[in-house]
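Dropping the structures in below, format is structure tokens.
Each of the next two complexes has chain A plus one other chain: chain B in the first, chain C in the second.
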Partner chain A sequence: MRSLIHAEWTKFRTVRGWIVGMLLAIPLTVLIGLLGPATSNFSCAGPNGESCAGRNPPTGPGDIPVIDAFTFVHRTLTGDGSITARVAALPDNAEPWAKAGVILKQGTEPGSSYAAVLLTGHHGVRMQHNYTEDVAGPSSNQDSQWLRLSRKGDSLTGEVSLDGERWVTISTVQLGLGERVQAGMFVSSPQHVEINRSFGGVDATGGLTLATTTFDEVRTDGDWSADWQGADVGGSPDDATGFTESGGEFTITGTGDIVPITPSLGSLGKTVESTLIGVFAGLIAVLVVATMFVTSEFRRGLVRTSLAANPRRGQLLAAKAVVIGSVSFVVGVVAAAITIPVVENLEVAKGFFLFPTSTLTELRVIGGTGLLFAVSAVLAVAVGTLLRRGGGTVTVVIVGIVLPYLLAIASMLPPGPADWLTTVTPAAAFALQQTAVEYPQVASDYVTADGFFPLSPAGGFAVLCVYAAVAVGFAFAALRRRDA
Partner chain B sequence: MEATIEVAGLRKRFGGTTALDGMTFTVGAGQVTGFVGPNGAGKSTTMRVVLGLDAADSGHALVGGRRYRELSRPLTHVGSLLDAGALQPSRSARNHLLWLAHSQGLAARRVDEVIEITGLGSAAKRKAGGFSLGMRQRLGIAAALLGDPPVLMLDEPFNGMDPEGIIWMRTFLRQKAAEGRAVLVSSHLMSELQDTADHLVVVGRGKVIADASVAELIAAASGDRVTLRTTARQPAMTVLARAGAVVTVDGADTITIAGLPAATVIALLTDGGVPFTEVSAHRASLEEAYMELTREAAEFRAGER
Partner chain C sequence: MIGVSALHAEWTKVRTVPGTIWLLLGTVALTVLLGALATNAMAPGGDPAESALTGVALGQAIVVILAVAMVSGEYATGMIHTSLIAVPKRLDMLAAKGIVVSALVLVAGTVAVLGSIVVGLLALPDLTLTGPVLRASVGSVLYLALIGLLSLGLAVVVRDAAAAIGVVLGLLYLTPIVTTLVSDPDWHDRLRRLSPMTAGLAVQSTVDVVAQPVGPWEGLGVLAGWAAAALLAGAAVLRLRDA
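What follows is the complex of A and B.
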């Protein structure tokens, strides 16, 4: 078997066209990746020349870009303490993720750490902290609920009560916010967005929303500063935000949201996978070479020489798969490893911001591109063995792997068909590149076109592997059965 | 390994066509065996079955007593040339040999050796796609020699060769047989095998028509005839006819005698005082022998329809 792999490797490296074709995958991936940011020009400036909000969003813990905008009625809390308030339910027509509740926050600067207990428009009572963390509390239809947030050392506990007497703990989290924190009540209401996706296009409408609710029976324990102050954290775009107080009852109107930013239509944020948009072109080059590597032998009758040199036919197929799979893997890894930093540099220079990813995730994306190339190439080898025709094989593998991805990613399809395509076709393996994180507590579109695949990276890759395994099985059977 | 090819009772149909119809023969060591028959007689199919490329419907083919598919490093057991055109055109001749060598675990040194033996020389660095058919045949021979195998099996190796190449090929085949190898060479032209083959397997319609040494075949085709050249035609005919021979006139001074060996003819003429200039045992050419054999096959074919 080792000498057979050596032979197949010699076969591969001694045809210059195949080497060139494989190497071509690298610049193709880089250049098409650069095409996006290179051709996009936007000017984005506020009335006084400051850069606009979307351009340099605040970053929360872990450098993740966040939206941190809400109406904050606060006092300074030093050391341990708690705040309790009865919060009236948000009106039925509120945004599902409009929020009203009590919060402890490092400071009033957007992006600072916090923990909050809150009521939402349609998603019940919850305890959230540091933008990405979210725990749901018991659900209730009551007109108002008591919320309490207390801290002891770095321990923050959120509780909810229907009558102000019997309390249910939602969660306790460990969070170092410093000795002095800003604490109090807040209201936020996210942008209303409606996106219509149909065959061939996207149509988005949306706008600012406001939410208003009342807080009473406010009680604070611990060392609190004197007066309640109002603040529009993150800067309010609407004059209607603010608060009034009469007889211990606070009426607060707010807009905005306290969430991590997710990649979506119109966002200026770029994910790692968005730099790899050219991978499909590199993959086409790899698929063509992988196909030729097999079908040219059938075309010339060279397969008889190969089989005379090794009559164990399954081994021949395996050796071809190993060689072309390994070469494709290396090409995919190199292409991704070059493309990501090169395209990111240009994106930053053009004024986009980047979603941060851990080194581990980035390695998974780079390795994943290698795996995508490798297993796709093996699939092409198997299909080529079955069909024995170059043209037919290239058509089948491109229509099977690349086309569904392009249809799904190019906003050409409504989300349903796009999800379906990236679930049941080998294109599901493009999920290996996904770094965009989907948060259940963040209302967003989460469509394939924005980098959200229906399957997990491993799940999507498994779909491709199943296709490849079945094709290899059929190819193996056909090769064994057929006269050469 | 024993240097033999053994083919027994091979039958194979492609759709409605019978390609092999009980093909049976053995190729022995130390001689060149010609595998002759018209196009479509089943020569190439037989070779593909021997190499395990095609599966026979029944019968078996063994190389050195073993099935080809059971051989490890098969090119060290059997060197074969089926189709000289089976090449990746953009790969150089040397690299073609190199991957084959690697598939058998052989070193690159062996590649240079067979390039030398087959006279490919500097052409080995060129793309095989630009080779003439003759050059491709040499490359195919080089590939067959890579594993230094005791058995060689070549399908139509003379095709496309220039006269110099044909002479080289004959010398090469004789030399390989002299080294004790079993050499099976197919051809649809008997003349190519004249002076090359020791033994002939003549096939037609998927089965063996004749399996004999070249000497036997020629003797059979020549019959018991003697050609006589004489100025005294009439007295000669009288003397010989009296002795029981069948005499036919070929020309003004040439007659052919059937039924008497040459020595008896000379004795009768000398005793009878008939002058003559030449007595020779008639020797059919291999071509004639072949034509005679395949004519029967052709007639059989016509009769069957």
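What follows is the complex of A and C.
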């Protein structure tokens, strides 16, 4: 088997066109990746005429970009203490993720750490902290509920009660906010967005919304400063926000949201996978070479020599798969490893901001690109063995892997069929590149076009592997049964 | 003037290869199939004609194989030597191939588009046979024929079937994928206006045509420009290079 692999490797490396084709995959991936940011300029302008470029959103803990805007009625709490309030339910027509509740926050600076217990428009009572964390509480249809948030040391406990006497703990979290925190009541209401996707176009309409609700029976325990102060955290775009107090009843109107930003098409935030848009072109080059690697044997009759040298036909297929798979893996890894930093550099220079990714995730994306190339190349070898014709093989694998990706990612299909295509076709393996995180508590439409694949990275890769395995199985059988 | 015998020779070659009929049938089947799926899934407010004709994006891949095979197949088997001995005027041979592939694709494309439109008429109440819908249909058939010519020209340049198909499909798929990340509207429109697939398929739009980066016939003209350039490059290479 080792000599067989050596033989296949010799065949591969001595054809100059194949080496060139394989290497071509790397610049193709890089250059097409650069095309996106290179052709992006910001035409939008802020209130003072300055460009949107470089106007980065606040970042929360872990450098994740966040939206942190709400109406905050607060006092300073020093040390341990708690706040309790009865919060009237948000009206039925409120946004599903409008929020009203009690909050402890490091400061009024957007992006600072916090923990909150809150009522939402349609998602019940919840305890959330630091933008990404969310725990649902017991559901109830009552007109108002008591919420309490207390801290003891670094331990913050959120509780809810229907009558102000019997309390249910939602969650306790460990969160160091410092000795002095801003604490109080808040209301937020996210943008209303309606997205209409049709063939070849995405149309988003929306606008800011307001939510108003009342808080009463407010009780504070611990060392609190004297007066309630109002603050529009993150700057309010609407004059109607603010609060009034009469006889211990607070009426608060707010807009905005307290959430991590999720990537979406055409937004200023760029994910790692968006730098890898050129991967499909590199993949086409790899698929062409992988196909020729096997179909040229049949065309030139070399397969008879190969089989005379080693009559165990399955081994020939295996050796070819090993050689082309390894080469493609290396090409994919190198292409991704070069593309990501190069394109990110240009993106930052152009004024985009980047979603942070852990080193581990980035390694998964780079390795994943290698795996995508490797298994796709093996699939091409298997299909090539079956069809024995270069043209047909290349078309089958490109149409099987790249076309569904194109249809899904380019919004040429509505989300339903796009999800379906990226589930059942080998294009599912592009999920290996996904770094965008889906948050159940953040309203966004999470479609493939925005980088949210229906399957997990491993799941999507498994789909491609199944296709490759089945094709290799058939190729093995065909090679054994057929005259060469 | 291209000799009738050159045309006859090309026609005989393509007719007697068993794959041709299957490729033509495949073009029809895949176009109608994807069109039917897309029609079923059409979002409200979509363009009904464009939905019904979505299958063209898939069917074109088979047209590419057909056109490339007419050239690369000859280079693979050495048949090209025989062909050029029979028709020593090389451009005549290329022209004859162009005419034969256009004719075949026009026939298959007409059937495919008719099938797609019939499915669309049955499934979509919004789809009626108006002027723009007829234009989208006729335009889609011409689109497929031009894709055939583009592939033919590139195949003469590249010669190897796998490489030629890779180049053609890469060229076609490049812009739709890349433009998803282009946030400058000018560049976005420029890319869509200048690249073969997005410009050519503009002929399918029947709703809000003015908002398209390129007019329907203009877009098809852009694709025709690409096809002409590919054929010219092919002709030049064919003249200058040993077969």
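Operating definition for what follows: the second predicted complex is superposed on the first by the 471 of 484 C-alpha atoms of A that agree within 3 Å, B and C clash if a C-alpha of one lies under 4 Å from a C-alpha of the other, contacts with A are read in each partner's own complex, and residues count from 1 in each chain.
We adopt the following convention: a residue touches a chain if its C-beta (ideal position, glycine included) is under 8 Å from a C-beta of that chain, and two chains touch if they have at least 3 such contacts.
This structure is a prediction, so every number in the text was calculated from the model and none was measured.
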Partner chain in contact with A:T14 - chain B first, chain C second, else both or neither: first
Chain B versus chain C as contact partner of A:R304, first or second or both or neither: first
Contact breadth on chain A, by residue count: chain C or chain B: C
Which of chain B and chain C A:V135 touches, first, second, both or neither: neither
Which of chain B and chain C A:I32 touches, first, second, both or neither: second
Partner chain(s) touched by A:H6 [first = chain B, second = chain C, both, neither]: first
First (chain B), second (chain C), both or neither touched by A:L162: neither
Partner chain(s) touched by A:L208 [first = chain B, second = chain C, both, neither]: neither
Touching both chain C and chain B, counted on chain A across the two superposed complexes: 17
Residues of chain A that touch chain C when the two form their complex: 17, 21, 32, 35-37, 39-43, 196-200, 203, 265-266, 274, 277-278, 280-281, 284-285, 287-288, 291-292, 295, 299, 389-395, 398-399, 402-403, 405-407, 409-414, 416-417, 449
Chain A contact footprint on chain C (complex, rising order): 37-38, 41-47, 50-51, 54, 57-58, 61-62, 64-65, 68-69, 72-73, 76, 160-166, 169-170, 173-174, 176-188, 191, 205
Footprint of chain B on chain A - complex, ascending: 3-4, 6-11, 14-17, 296-297, 300-302, 304-312, 483-484
Chain A partner contacts - residues on chain B that touch it in the complex: 48, 51-55, 68-69, 71, 74-75, 80, 82-83, 85-92, 95-96, 98-100, 102-105, 143
